[in-house]
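Both of the next two complexes hold chain A, though its partner changes from chain B to chain C.
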Partner chain A sequence: MSIDVHSARPANPISLRRIFDSIQPMIAIAIPLLIWEAAGRMGWINTFLFPPPSQIAHTIWVQAGPNGHPPGAILMHVGRSLYRFLSGLALAIVIGTAVGIAIGMTRWGRLIFTPLISAIMPVPTLAWTPILLLLVGLDDRTTIIIVFIAASFEVIYTIVVGIEMMSVKVFWVARSMGASRQQIFWKVIIPGILPYLITGTRLGSGFAWRALIGAEMLAASSYGLGFMIYDASEYMSMDMIYGGIALVALLGYFIENVLIGRLEAATTSKWGVNVER
Partner chain B sequence: MLNVSQMDIPLALREKNATPKITARNIRKSFGDVVAMDDISCTINDREFVAIIGPSGCGKSTFLYLIAGFEKPTSGVLTIDGREVVKPGPDRGVVFQEFVLFPWRTVLGNIILGLELQNVPRKEAEERARKWIRLTGLSGFEDAYPSTLSGGMKQRVAIARALTYDPEVLLLDEPFGALDVQTKNYMISDLQNLWTEANRTIVMITHSVSEAVLMADRVLVFSARPSRIIADVRIDMAHPRDARDPMLRQYQDEVTGILSAEVDKSMRLERNL
Partner chain C sequence: MSTSNSSALPGPGSAHARMATTIHIVSLLRFLAPIVAMLLVWEFCVRTGLANAAILPSPSMILVRGAELLGFSHADHSPLISHILYSLVRAMSAFILGCMVAIPLGFLLGLNAFAYRWVSPIISLMLPLPALAWTPIFLVIMGQSEATIVWVCFLGAVFPILYATIQGVRSITKQSLWVVRSMGARRRDIFFKVLLPGSLPALMAGLKLGMAHSWRTLVAAEMMAALSSGVGFMIFSARTYMDVSTMFVGIVVLAVIGMTIEHGLFGPLEKMTVRRWHNTGRVGGSR
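This part shows the complex of A and B:
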């Protein structure tokens, strides 16, 4: 932090440059928003269809507070979406890892799962929603399963790659130290695929987040950002729609690039493992 | 320096009370239609340092993997202390050219893994590792991750890792192959000292004649594929040896002569094919 304070001194052109570089992406987003805002205020655009960003922010702020409808509505929507997302992602990590290891390490795993996955992979995850609605009904389980399906393919794929990247000599070394099958699993395979699992989870989380929002539009009876956006369209509440989309974008970025991205960078630099993908 | 006295005894004397450690009888190994090894028989004595040399692709590494138990011979019997080798085990420590460290473990974590797998308490494991960390010159790097180490350091970790769980036989698969010349020379003299200290049976695969004659008691020369043992050269010189010793040069010429005749033969065969 102290470095940032120093670099803020205007006398140093190099750090000015650095500041510019770090806020540059924000400028690219801020300028269209400012134009939008100005156009709305000047009456150049239809503010019913395109409410200015300040109004959207205001609505979101109010809806997040005690005067929301219901009070704290935004927080409840976000919370519900995150709950479904994290539950589905956890399932994908556990089951995806198991399937990935089965494919990577065993012949039967390859024989059973590879054709299945190849067959299922091209199907857009949302296409499963009608089936799930009929099978499990209109509750959280449907959306959680959608998240699970959307995230697992990446998890499985990167884990299979991870195992293929492991040299047979790694197993030889472990066996020559007298490692049992169980020890090889917990002390060699699991840590060996961990960086791949993290990368797979990051990539899968992007797919899963997008699928979740879509699924919530189709299969949520109350709460969730997707539900909120869809519901707002019934009431023609444009600022809620735009606000919902903005929240989806922000949270999606945060999950994929900050939360899991940081974890990935930490393992990569510590272990010197680069997961090509 | 416990065993310096033993080193000073001339080789011929030591051999009198030598007991066979590794015995290979009529080993054949084929991969599909390719015969890698044809009828290899040899005996490696307890505490002997044997170097195996041969043209590239002759299956000398395969022979090491057979001793390690990673691969099984197609026919023939391979025994250690009279017991047939059926699988890898902690009585044989292996060091590969590519180090094969576990990147998610620190230097110390890599070195104590063998003891950890044998459920040795953490404290005792670290205590036992300490000695080899010191002897391999890794002190101060215990908490470093392999990705931050140079090739030479990584190979030291691999050697320390193999020695820490106290194997009776140390199997080295071209241990200096991935190192630059400077590092290699350091590592060779280090390994000579380590051998004195560790006092184990060592089998080393190499493609460098000078390495082989400098370090080993015996040099086995393998022929081109399908490989057989075409020479068993005893390097009758006390350890530690000086690389500039003229007698060493004679041994080197002898082994080089045998090896280059073999390489010529295999090249001629290849061209005629």
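This part shows the complex of A and C:
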């Protein structure tokens, strides 16, 4: 709101003001880090509990390189987390879409799935972890199923909304031109829900990422960012914990806003979700 | 409507009411039918030996275990109730702590453009971070204790509430503030008559989300940091004894409490506050 005041006066496109405005968020994040660093160096805070950011960055850098323990440890943690995350998300997209279409398009689907979903949804996702540990075992499948549970509700919900939002006229047009049921499904419904599917995936990926980190803390036997920070707490290596948290934040932001956010922006401008409701 | 009319027109009124209750019962049955059917299939699978009862107990076994934990046999001590109470106290104290920090801070950041510009990048970085990721730090500093659990849940609750408060305050148009100020309102009036009602819809949504986050985080935090009590602890410790029935009892309890918090607590609260101020005043553009 405060920017409006400045844009009223004519300014040349590349002004100092604009440069400052574009990097201002980064400065806002850097200042507390610098204060932390300074306080650590000066000895105002306990550097065992709050190691300065430079030390954290150094540890992460070393652990990601050939001198890590094991070599390239950070990369393996990140890779394993992403593998679990993407597998669970893919499962959620496939099964969530099928269930969403069943609820949105068919009477029996709505009758069967709606009560079941509203009974299961209020259970915190991570509460399933101990049960899955016994049913499935201590391996990647447990975390993948947790990711799947966390992401699928959002996917189902957005797809049902997407189908409800679709204009009935589109069906009339397709049917009046003699489209078969199969054609309506593949040529009308699937393209129609695709933008919603991407939105649902983006929302679901936020939940899924959170659940994954928790599940890895509780259930991973080796590798994964959640496992890394939990394991580090047992050895009290604080810089690994802080570095892991920073990686979790950065990767979560990257997945939700850059990876899927870009995809969402591209598809909404191409197909236009808001055309006719 | 049917109650007010029934005295004047007893015939059609009562028929209407009966019809309404019938429709209500039918929709309730329709809602419960798939759940009951699934439980029956589950029970059947376990009874016939299709599923291993040691790993996947039947619903009837879970029910028996639930009754056992509730302690109908010895009335003075009920382990399940005490677990639930512990969990509720932790979640509520984290939530209240979160409100005490997030709401004043949210108003400050919503009203002060300078503070908003410098703090909002940090908040947007913290918002997507799972609160559970902080658990290891608290575990190192405070060990497995009540404080660890409450702090982790606090971090889960505080950011949604903060974010919603800021959005709510910023959605109030400048004009409505100018109008009230030009008519000579005091600072207190501006707060209670404009800012608070104007930001209330967003604030209520934030409180709801904050409580949900607090509750969802709590379960996992209890699994990692609780020593002897809490529903999360109950579920996780049952793993040691392969006591799957107790785990399922815990899951049912979590679902019921989660639903109660959302519909029983926040549903009426939302109706009460938002309706009270927003039907009468129409303050600001709260969109």
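As a working rule, the second predicted complex is superposed on the first by the 255 of 277 C-alpha atoms of A that agree within 3 Å, B and C clash if a C-alpha of one lies under 4 Å from a C-alpha of the other, contacts with A are read in each partner's own complex, and residues count from 1 in each chain.
In this section, a residue touches a chain if its C-beta (ideal position, glycine included) is under 8 Å from a C-beta of that chain, and two chains touch if they have at least 3 such contacts.
As the structure is a prediction and not an experimental result, all values here were calculated from the model.
Colleague: If chain A is used to align the two complexes, do chain B and chain C fit next to each other or clash?
Modeller: fit
Colleague: Of the two partners chain B and chain C, indicate the one touching more residues belonging to chain A.
Modeller: Touching more residues of chain A than the other partner does is C.
Colleague: How many degrees apart are chain B and chain C as seen from chain A, counting from C-alpha centres and rounding to the nearest 10?
Modeller: So the C-alpha centres give an angle of 90 degrees.
Colleague: For A:Met42, decide between first (touching chain B), second (touching chain C), both and neither.
Modeller: Neither partner.
Colleague: Pick one for A:Gly206: touches chain B only (first), chain C only (second), both, or neither.
Modeller: In the superposed model, A:Gly206 contacts chain C only, not chain B.
Colleague: Tell me the contact category for A:Ala249 with respect to chain B and chain C: first, second, both or neither.
Modeller: second
Colleague: Answer with first, second, both or neither: which of chain B and chain C does A:Gly226 touch in the superposed model?
Modeller: Second partner only.
Colleague: Could you grab the smallest C-alpha gap between chain B and chain C in the overlay, to the nearest Å?
Modeller: So the smallest C-alpha to C-alpha spacing between these two chains is 18 Å.
Colleague: Using the superposition on A, tell me which residues of chain A are in contact with chain B and, in the other complex, with chain C.
Modeller: Residues common to the chain A contacts of chain C and of chain B do not exist here, since the sets are disjoint.
Colleague: In their shared complex, at which residues does chain B touch chain A?
Modeller: Contacts found on chain B: 65, 68-70, 87-90, 92-94, 96, 98, 100, 102-105, 113-114, 116-118, 145-148, 165.
Colleague: Along chain A, where are the residues that touch chain B in the complex?
Modeller: Residue positions touching the partner: 167, 169-170, 172-180, 183, 187-188, 191-192, 194, 270-273.
Colleague: Note which residues of chain A are touching chain C in the complex, please.
Modeller: Listed in rising order, the residues of chain A that touch chain C are 1-2, 24-26, 28-29, 31-32, 49, 111-116, 119-120, 122-131, 133-135, 206, 209-211, 213-214, 217-218, 226, 229-230, 232-233, 236, 238, 241-242, 244-245, 248-249, 252-253, 256.
Colleague: Which stretch or stretches of chain C touch chain A in the complex?
Modeller: So the residues of chain C in touch with chain A come to 30-35, 38, 55-56, 113-114, 117-122, 125-126, 128-130, 132-137, 139-141, 170, 174, 215-216, 218-220, 223-224, 232, 235-236, 238-239, 242, 244, 247-248, 250-251, 254-256, 258-259, 262.
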